[in-house]
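Report on the following structure.
Chain naming follows the written order as A, B, C and D, and within any one chain the residues start at number 1.
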Amino acid sequence: MSVTYIDAIRQAQLDLLREREDVFLYGQDIGAFGGAFKATKGLQEEFPERVLDSPISEDAMVGMAIGAAISGMRPIVEMQFADFSSVAFNQIVNQAGTHFYRTGIPVPLTVRMPCGGTPGSGPFHSQMVEALYGHYPGLVVIAPANVSDAYHLLKEAVLLDDPVIFCEHKFLYRWLKSDEIGEPGLSLGQARIARPGKHATVVTYSAMVHEAVRAADSLASEGWEIEVVDLRSVKPLDLDTVIASVARTGRLLALGEAFPWGGVTAEVVSRVVAEGFHLLDAPPLRLNAKDTPIPYHPDLWASHRPTPESIVEKLRELLNF
Amino acid sequence: MSVTYIDAIRQAQLDLLREREDVFLYGQDIGAFGGAFKATKGLQEEFPERVLDSPISEDAMVGMAIGAAISGMRPIVEMQFADFSSVAFNQIVNQAGTHFYRTGIPVPLTVRMPCGGTPGSGPFHSQMVEALYGHYPGLVVIAPANVSDAYHLLKEAVLLDDPVIFCEHKFLYRWLKSDEIGEPGLSLGQARIARPGKHATVVTYSAMVHEAVRAADSLASEGWEIEVVDLRSVKPLDLDTVIASVARTGRLLALGEAFPWGGVTAEVVSRVVAEGFHLLDAPPLRLNAKDTPIPYHPDLWASHRPTPESIVEKLRELLNF
Amino acid sequence: MSAPQIPVILSSSPSSAATIGRDLMRRTLRMMILSRTLESKLASLYKAGKIVGGVYLGTGQEAFSGSLGCLLDQDRDIFAPLIRDQAGRTAFGEELIDATRTHLGSAQGPMRGRDGNIHRGRPSERRPAMISHLGSAVSVVAGMLIARRMQGSLTGVVGATCVGDGATSTGAFHEGLNLAAVEKLPLVILVADNQFAYSTPRERQFACNSLLDRAAGYGVGGIEIDATSLVSCLTGIQTAVNAARSGNGPQMVVGRLLRLCGHGEHDDGSYVAPELKNSLLGRDCVENGKVELIELGYATAAEIESWQEEASEQVQEAVAIAQKENGPDPYCEDWRAVSTPGMQ
Amino acid sequence: MSAPQIPVILSSSPSSAATIGRDLMRRTLRMMILSRTLESKLASLYKAGKIVGGVYLGTGQEAFSGSLGCLLDQDRDIFAPLIRDQAGRTAFGEELIDATRTHLGSAQGPMRGRDGNIHRGRPSERRPAMISHLGSAVSVVAGMLIARRMQGSLTGVVGATCVGDGATSTGAFHEGLNLAAVEKLPLVILVADNQFAYSTPRERQFACNSLLDRAAGYGVGGIEIDATSLVSCLTGIQTAVNAARSGNGPQMVVGRLLRLCGHGEHDDGSYVAPELKNSLLGRDCVENGKVELIELGYATAAEIESWQEEASEQVQEAVAIAQKENGPDPYCEDWRAVSTPGMQ
């Protein structure tokens, strides 16, 4: 039997609903229908009172969940697509993100964000949102790259007393399989060495971890050993693990699938140079998606985001410095 | 006679309304009342048909302006405070920002954003938004630091065929005066050397330009000559001018008033290290606001954002490396 | 200002058919048939794995959408369609090839591979290209009308857009319609109350009896119609379009019907109860429209049959052309999101 | 489901006063006087340059807001005030010192200098701390109620919040109220139709006759009242609170009145036409409330005078305490935006 990334997300929600009475789910079509991606399939049947279909009202969905969260519940809100959280943006950053600082009362809210591109999804069903929410104070931003993290980080997210933006990658939903969910390993806030190496470090997260590993594999035939660091959460950002890796390799490529201006890769590079400048043997580089909306046609899409080929190219630039 | 920063903004709008029939203004209380900051005072009297009060509907205000912009008009939307653009976020990034790429039809829209902190304004009337909008494709993001730029950049913004996020700084509105608006100098997209120097470069924008100059002035007594670069627009970002400055000084401090995760300072540092690594004699540093909502009490507020003192401290760190 | 009157037309009569006229009815039915034919073809291409992206159909909504398209003036009105408006698009003058090209991934489609399928549009021909976020076109159409007012070219112009029952729950819908009402714009908004938003039934979406109850709260005119009947659609929408055109401000038309397909072609819609399908709401407006025309003596079965054949040929041709065309070449993309050089 | 009934109470009679009762009327007037006294003091402190941040008053809205505060149950209900709800806050149990501390910048205020003035709240005492973005508390209150439903403690609880006429144009208001209606929550929403949103008059804000016209569109109960009369406020709001408490879903109360101050104390409100000030809408509810009580024989002028004196003393004391306290010390700030260590 094998478990997919989306299975893990569903299982985490099921286990949370079973283990805790304060957890509930809210989102469009998540009830009997089981959600656009089936992340909540069958859950309403078992918990009719705690799995609720919402109207098409992202602002109110999040506002409602905030109200519930400060009243002793631990809501999980499913955005049908992360892109639609733009409508909930105000409630997320200004209501949830500021609440603890302002009032001293934390908001144990989790917003599940189906992120990232798949071929043919186009500009409004493909966006990454970690740069958006990472910028604002008061939010924890998670982006699991594998099945085990999808499960364990979601459980940690929901048990955390603070608001969490949980960035799931749609491309991984069914494509990524594992034999089992496995035991919890690292905890929230710790990055993971996804692939050890010694000539250069790629720091990335979410689906790009797999593309980076592919790129690393293909360079391995030439004798290059590339280390891949999976951030797991982009806020907090585990700089220690990143710096330790850069200390080993002397070279850094920050890789992400988001738009290229600002965001995770800029934050990683800036922190590394501020604290580990002397460790660097070459200019730290970045590779992101292109600076346009995400194109709908699969051929354009594949060129818009980083690919193993474009990662290899960037890595060569880095290694040849 | 002297002209303030807000006078310049009002004058630019008046001149645009007079010079062009396709310009109109839309926003809350901007008509007879002249706007919360009086940036449109008297304009409705002269142009009753082209200065319209809007309902409290930021999403629809921007959507409306987009519709008008693709129909031959050049709307200027005033957000009462930049912080409320969170409600218009979806229309700005997903409708205005994607339109040219998707359809080939540009959207000559300008959104005026009264940004930044003043004492006592608190978490929801003090935000900077350039990091937010800079991240998204399809938007031009401007942040003038002086009276002349407030005037000329606003005029350039409105005449540009693309959507512009025009970040005005409220702290400068009445505090910043000039003898005259002056002739246009640099054009949109070019950074300016606000203060020449040779020992370190501070790259910044908006109100922080003045704080940086103050910090530089106070270090001058110790013999340090600090160069201050005023970006003027953060997207596009004039890397050439920045790199040329860093080439002269060998040291970089990226300074901003926004939240510290991601944003302009991270983008500046990342680009400089990618393209000018060899120019650097010390690790490039960043200084931003603190990673909490902007506090309301003036004493907390003054510690939340960078001050001449905290800038001096960071510069010492940089200079002593 | 006195509250706008809210008539409800839930059934139609031959007398209302008379006010519509033979030509309009014939043209609308032809557009409905063309749309249905195109969409059936897209559905089979989807099943065959030939489509790029998703397929969202307007099956069962052709009378409602197509009537609007036929009642608008292609030379000056504005039409901002949503996901179930193939019939309205076609009736408002969109060529079939625009649809087949986007769905089949041709670079020659109106969106050049950058955006797809239902998002296609030609803003310069007064057909905005929708973004996915529901409700957000309402204010855009309002802005297109305000521009015309300022330019002195609003007289006689109507701007129309469509939403579903679910989209009425969005803040964007509310803000946009309210703004249009304040500006008393000639906006016609069709609300296709098709009983579901994706899988979500009406009672999880709103608590009023009829979405028409919302019109008064915006101070706009309104009408509710049986959208499974072509006569009722044309009559009701004509009333609304005329009211808007003659300066009475925004008009809302709530059409009661049932989505006769899945939310998208990936969805079998198994959550729709058989009783609902078998109810009057589940009546197929295309089949019913044929009966309506025949009963009124406006067309013969043979004529309708010939329209059907013509439609099939047109669709075949549009598919064939698009299928031969290449997709976009990523190496030729300039990856520019703003029009002005140097501004990115 | 049948459409909710929408009564309109625009005038009040002694008979409705009888159903309210002497004690409630007396308590409410006292709260109104206390609120007015506090706010007048804040206004003079503002003019004297002693206030940190802006000052937004509820002058003229004390009957409306205070009635709600008095009708709610302080031990279990929820009250999410907005910018003109000093009376409601006080009536719902907020101590004066909370207001003076925030306005005077004391670190001992409920927001510890991190947020100010009207944004203050104590969520753990069921008084959420508003953010500035209008309309966004509606859904939050809905969520607080849904939590209680899931926890089995909703019975008999009401959640109340207030908005102005301008805030009804926000998408947040619309989405929040619609959600509450779908969930049939015991939500009471007061709409203070005070003729202006900042400087913007009603006709630039909405096109319906009365904002009460919106209630039916949400499927919620509604009532419109003359909010310059205390009897009318208590009667109308009591009806709504009772309806919500007994399971009839959300209730909207539209109060017609005039803001008797500037938008904030920085604004002289010179855009308000004298005719409006002199109209019935411009009647001062506090002065009128005194007359109402006296006419009903519920209080004597001397008693009211003594309440006024008591209020002045209480306010003086709360100001004096806060004025002696220090502001927050930035060097002691931990600058933490999340509660869990290591998560920033």
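Methods note: a residue touches a chain if its C-beta (ideal position, glycine included) is under 8 Å from a C-beta of that chain, and two chains touch if they have at least 3 such contacts.
Keep in mind that what you see is a predicted model, and the values were worked out from it rather than measured.
A.B. asks: Identify the chains in contact with subunit B as well as subunit D, in label order.
C.D. replies: Per touch definition, common to subunit B and subunit D: A, C.
A.B. asks: Taking the mean of the C-alpha atoms as each chain's centre, how many Å separate subunit B from subunit C?
C.D. replies: Their C-alpha centroids are separated by 41 Å.
A.B. asks: Using mean CA coordinates as chain centres, what's the subunit C-subunit D distance in Å?
C.D. replies: 43
A.B. asks: What is the distance in Å between the mean C-alpha positions of subunit A and subunit B?
C.D. replies: From the centre of subunit A to the centre of subunit B is 30 Å.
A.B. asks: Would you give the residues of subunit B that are in contact with at least 2 other chains, written as numbers and ranges?
C.D. replies: 54-55, 57, 59-60, 83, 86-87, 90, 94, 97-98, 101-102, 123-124, 137-138, 235, 291-293
A.B. asks: Counting only residues that touch at least two other chains, what does the list for subunit D look like?
C.D. replies: As it turns out, subunit D has residues touching two or more other chains at 111, 114-115, 119, 131-133, 169-172, 175, 178-179, 182, 204-206, 336-337, 344.
A.B. asks: Taking the touch definition from the header, please name the shape of the chain graph: line, ring, star, complete or other.
C.D. replies: Contact pattern: complete, every chain touching every other.
A.B. asks: Taking the complex as given, what residues does subunit A use to touch subunit D?
C.D. replies: 24, 49-50, 54-55, 57-73, 75, 90-91, 94-95, 97-106, 137-140, 160-162, 188-189, 235-236
A.B. asks: Across the complex, what residues on subunit D touch subunit B?
C.D. replies: 52-54, 105, 107, 111, 113-117, 119, 131-134, 166-167, 169-172, 197-200, 204-206, 271, 327-331, 333, 335-337, 344
A.B. asks: Where on subunit D does subunit C make contact in their complex?
C.D. replies: Answer in residue numbers: 1-3, 169-175, 178-179, 181-182, 184, 203-209, 211, 213-220, 249.
A.B. asks: What residues of subunit A sit close enough to touch subunit C in their complex?
C.D. replies: Subunit A residues touching subunit C: 28-29, 31-33, 36, 53-57, 59-60, 81, 83-84, 86-87, 119-125, 290-293, 295-300, 302-304.
A.B. asks: Of all residues in subunit D, which touch subunit A in the complex?
C.D. replies: Residues in contact with subunit A: 110-112, 114-115, 119, 121-124, 128-129, 131-133, 136-148, 150-151, 171-172, 175-176, 178-179, 182, 336-340, 342-344.
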